[in-house]
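Paired with subunit B in one complex and with subunit C in the other, subunit A is shared by the two complexes that follow.
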Partner chain A sequence: MDGRRGGAGHGMRRREWTMSAPSLGWLVVFFAIPTTYILVLSFRPANPLGGVGEGWSLESWRRVFQPEYYAIYARTAWISGAATAICLLLGTPVAYTMARAPARTRAWLLTLVVVPFWTNFLVRIFAWKVLLHPDGLIRHLFGALRLIGPEVSLLNRPEAVLLVLVYTYLPFAILPIYAAADSFDFGLLEAARDLGASRFSAIVRVFLPGIRRGLGVAALLVLIPALGSYLIPDLVGGTRSVMVGNKITQRAFTDRNWPEAAALASLLTVAVFVPLLAVLRRPGSEAGR
Partner chain B sequence: MKAGWLPRVTTLLVLVFFYLPILILVLGSFNTSRTIGVRGDFTLQWYVRLVRDRNVMEALSTSLQIGAVVTLLSTVLGTVAALALHRFRTRMQRIHYGLVYAPVVVPDVLMGISLLLFFASVGFRLGRASIVLAHVTFCLSYVALVVLARLQEFDETLMEAAYDLGATRTQAVVRVLLPLLGPGILAGALLAFTISLDDFVITFFVAGPGATTLPISVYSMIRYGRPPVIYALSTVLIALTFVSVWMVQRATQRRTPA
Partner chain C sequence: MKRYLGIALAALTAILGTTACGSRRPVLHVYTWADYFDMDVVRQFEREFGCRVRIDNFASNEELYAKLRAGATGYDVIFPTTYMVHLMRRENMLIPLDREQLPNLVHLDPKFRAISADPDNAYSVPYMFGTTGLGWRTDRVPEDFEASWTVFANPEFRGRMSMLADMREAMGAALKTLGYSLNSTDPGELAAAGELLKAWKPQLARYDSEGYRNSLASAELVVVQGYSGDIIMIREDDEVEEVRYAVPREGGSLWADEMAIPAGARQVELAHAFINFFHRPEIAAQNMEYNYYHCPNMAAYELLDDDFLSDPVIFFLLHGDPELLAKCEFIEDLGEANALYTRIWDEVRAAR
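Let's look at the complex of A and B:
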């Protein structure tokens, strides 16, 4: 806000164009056009030899609404939803602790949360593949405690995907909740307690509404990438945990049926934008700008 | 009201949850046993094998070269984008902001598949060049957002003062704005480099058969065996993460002197 806004003359307008053109042009060519193009491709017929055929067709859209896909959509939805719920449930107390900690402890906690966030994605997944492996630590531990029988595998099941999703995206959830909790006035909690609220109801009725914007952003930051998961089910999920992202890859690379891959990708785009708009459009929300 | 015990215990457990897998990998990389959990002796042999692994070293060099070009391009594009977004509040900038923000939000699979099909349709050969184009597209967004955040703390009166003292616009930008913005741009550049080096999903889509980056090589190691060498490689990557987090924090925390 520098008082130079609006009332732009010709020179001003030209400067704005010169400064915006490079990034705007780049993003239009390599983001906006490819993303829109996917939708166009989904209405083309598949070429039996791989790739895209001539003319137009609704075949791909008919196919993605076949019952054989429903189990995959349902699985994608429940795994992503559960991952989001668990991340909020674990992230909120962590963010609360961070916001109430003394400055030095807080800086340490922040760093400790940020490091896994920056650790290579493949390395993090691989670490769990090692831990859950039949010869791995957790398997040995559970076996020794007789919690699970020798025939039970911890890998290659949807629960493994859920676990690794939570591991991967929990830092993404903690940071926005912490940012919201950091600007929350904790005096309000004292006030609620003085007025006779129990600790629990003070948290639920004062603290949680106070940080709801942070919770909304946190939910999006988990839900959106979770809906688009591809690598985690691919590496720890096995055949019983296939999600939409895996199907897109399979259609694109294995079957080379690009229109169907494009139709699936378009569906996923819709699935991602619905919660996004729901959170961003909520009255009183200032997310965005 | 004191913070209760439940949040603190949860925090502690979450930190254990975060670091246990990392710790296991690091320990495994120094252990003679091939399977973790089985006790063996201390060894550096996996690191020796890693360094002698030609595929890994070539992939690393590819990744570093791509990362360097991507960092340069996306830092310039992202910084200019941030300056435009900060300076002007027009409808064009609202669209601009939406486009800058979108690649950060959209799942990698979607960006990967749309770029793949786009490149294939226009007949662009997949390889290092397509990887660079894809990486710049999301890295420039991160740079722009980091620099924009830094710009919002910038005191505009400093620029006015420079003009009043007779500086031309170029002089004011080069001698006042850029030095103050420097740490933000540096943090953005580091971020771009890290993200480029780290990316697997989008790269996997647009790499084609020719170009193998480090994450692609790690992926095939995970899928097709050679565990202890991956432990060593993971440990190196984790160590690099610690260093870069420390550097980014130093770059961003040196705010205007109190």
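Let's look at the complex of A and C:
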């Protein structure tokens, strides 16, 4: 994450250490220690009165691998996986257009991507509740076009969660792809066309591999927060949209079962780390060259 | 130039002076439900007692409990519900009250002593009584609509109804519908209640304890399980006249939120003053008119309009249908049996 390279000279080593000490300290204090604490907590027994019991126990870990959790894991995986895929699919053409646009237009497009952040996240979710309201404009339009039956609700369902996730995280996908596309040498596309590649195959075989680092970062920036989403399923999801984040909240706040909440949180941390390491450790995945 | 400097210096001293003065005023930290008292009342308290009041909100008793268990200190007054008072008291999380500092407790309505969490007010003082029942919109239901929990089985309102995201309230509604106690610990009865909740689930839009007020006001939801005062507030304050509330014919849950001082409170004396202030008759009346719940303060009753005081929804314990009242129960803490509820509630929420 700190971008250090293996082959640095010996004389540089001490300087590197002093330079990275603040960020390392930050990571230890605000990431390593809390995460370890949560992990340790998951091996303690639960106390029905809340809090944590004495001694050690594997009960929480046994519980989180019970079949009733599988539906929630599967739902969390498909909703966040689909959100990531859709964001990449929508973000790439946008980033491509932005990178090829003249400088003035590009500045405007960039501003437009960032503008939604001027409004509070919560307010934007509530705006979706208004848009998808059963008496709302979109619902009436779809109904009038006979796209959906009168009993179908647009709100309170997993698809609504997916829609709002894509909406929320799309800018996070566009920006890194754009950064990669910006340093991509578009002359290569023309070369590919000159050598007989179709427009489509030039994009797929030259452009996409050229920006794969950007695509990887974009995928992470969407997948990681999507896996841990809590607020969006809580507000626009229904009875069948509970994700792991919501379950952790329920365990910690209403069930007074902290060890199980800790086990779930640890599981989520692992789920986040696997794709992170997969992207970061891929050798030679430099953008553009 | 010098003149401006003088003015600037004077202004600066004034600012420093006020902040220094302000920092000497003690701060009372109150942890309570959202929209639970008139802010004018709080401002009056601040003026009278020369202090500042900081208010923080929780959405469920469990959240309050979890936060205090997690070591949150610094709250001086909290508003837990009866069953939570019992649990907190057992866990030594409350400070005993000094009756000398609470002279206004003479106004407490003795009728409710027996059902209070703490009849002697050794650790807590009742603030408001309320009920949990059904809220609905008259413009979206047939004219012969009758409040019954079985409405959740009705496919006509599919996707437009919600139940509270509260294990005890949701399970309670199912247990009442089956004719059992909402404090049942019988595994067979609880399993049956779980099955009933699973049968209701496909008709529900979601389980929701906070957002349902807005959703009922905007008619996104048509029938909701909710708290009496919250739903009356939609009609009275948001002026949505189509909203109605009733305790269902099978019975609902009764509850009392109490005022208590948590262990670790820094402003114990001021906290007593706050609790006592809330039972000053005119203040209790003002709060009732604000939140549409029932404060068991007899002197305050006399300050209310007859119309208000005879409202069978707000004063359900006084003027509700006695037959229906007999079917209602207070939620009690279940200790170990809590785990059984959690398991069944989990099954319900995981069900397809």
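Definition applied: the second predicted complex is superposed on the first by the 251 of 289 C-alpha atoms of A that agree within 3 Å, B and C clash if a C-alpha of one lies under 4 Å from a C-alpha of the other, contacts with A are read in each partner's own complex, and residues count from 1 in each chain.
The rule is short, and it goes like this: a residue touches a chain if its C-beta (ideal position, glycine included) is under 8 Å from a C-beta of that chain, and two chains touch if they have at least 3 such contacts.
Given the structure is predicted, the values throughout are model-derived calculations rather than measurements.
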Ask   = Where does A:255 make contact in the superposed view: on subunit B (first), on subunit C (second), on both, or on neither?
value = second
Query = Which one hits more subunit A residues, subunit B or subunit C?
reply = B
Message = Applying the document's definition of touch, where does A:51 land relative to subunit B and subunit C: first, second, both, or neither?
response = both
Request  = Report for A:167: first if it touches subunit B alone, second if subunit C alone, otherwise both or neither.
outcome  = first
Request  = Mind working out whether A:68 is in touch with subunit B, subunit C, both or neither, as first, second, both or neither?
outcome  = second
Request  = Report for A:193: first if it touches subunit B alone, second if subunit C alone, otherwise both or neither.
outcome  = first
Ask   = Thinking of the overlay built on chain A, is A:228 touched by subunit B (first), by subunit C (second), by both, or by neither?
value = first
Request  = Quick one: classify A:135 as touching subunit B (first), subunit C (second), both or neither.
outcome  = both
Key: Doubly contacted residues of subunit A, that is, touched by subunit B and again by subunit C   = 51, 129, 133, 135, 235, 252
Inquiry  = Show me the residue ranges of subunit C that touch subunit A in the complex, using the header's touch definition.
reply    = 60, 62-63, 65-66, 69, 87, 90-91, 158-160, 166-167, 201, 204-207, 211, 218-220, 335-336, 338-339, 342, 346-347, 349-350, 352
Task = Would you tell me which residues of subunit A are touching subunit C in their complex?
result = 48-51, 68-69, 71-72, 129, 133-135, 151-153, 155-156, 235, 237-242, 250, 252-257
Message = Taking the touch rule as given, give the residues of subunit A at its contact with subunit B in the complex, in rising order.
response = 2, 4-6, 8, 16, 19-20, 22-24, 26-28, 30-35, 37-38, 41, 51-52, 90, 93-94, 96-98, 100, 109, 111-116, 118-131, 133, 135-137, 140, 167, 170-171, 186, 189-190, 193, 199, 202, 220, 224-225, 227-231, 235, 245, 248-249, 252, 258, 261-262, 265, 268-269, 272, 276, 288-289
Remark   = subunit B residues touching subunit A in their complex are 1, 3-4, 6-8, 10-11, 14-15, 17-22, 24-25, 28, 35-38, 76-78, 80-81, 83-84, 87-90, 92-97, 99-103, 105-111, 113-118, 120-121, 133-134, 136-137, 140-141, 144, 156, 194, 198, 200-201, 205, 215, 218-219, 222-223, 227, 230-231, 234, 237-238, 241-242, 244-245, 249
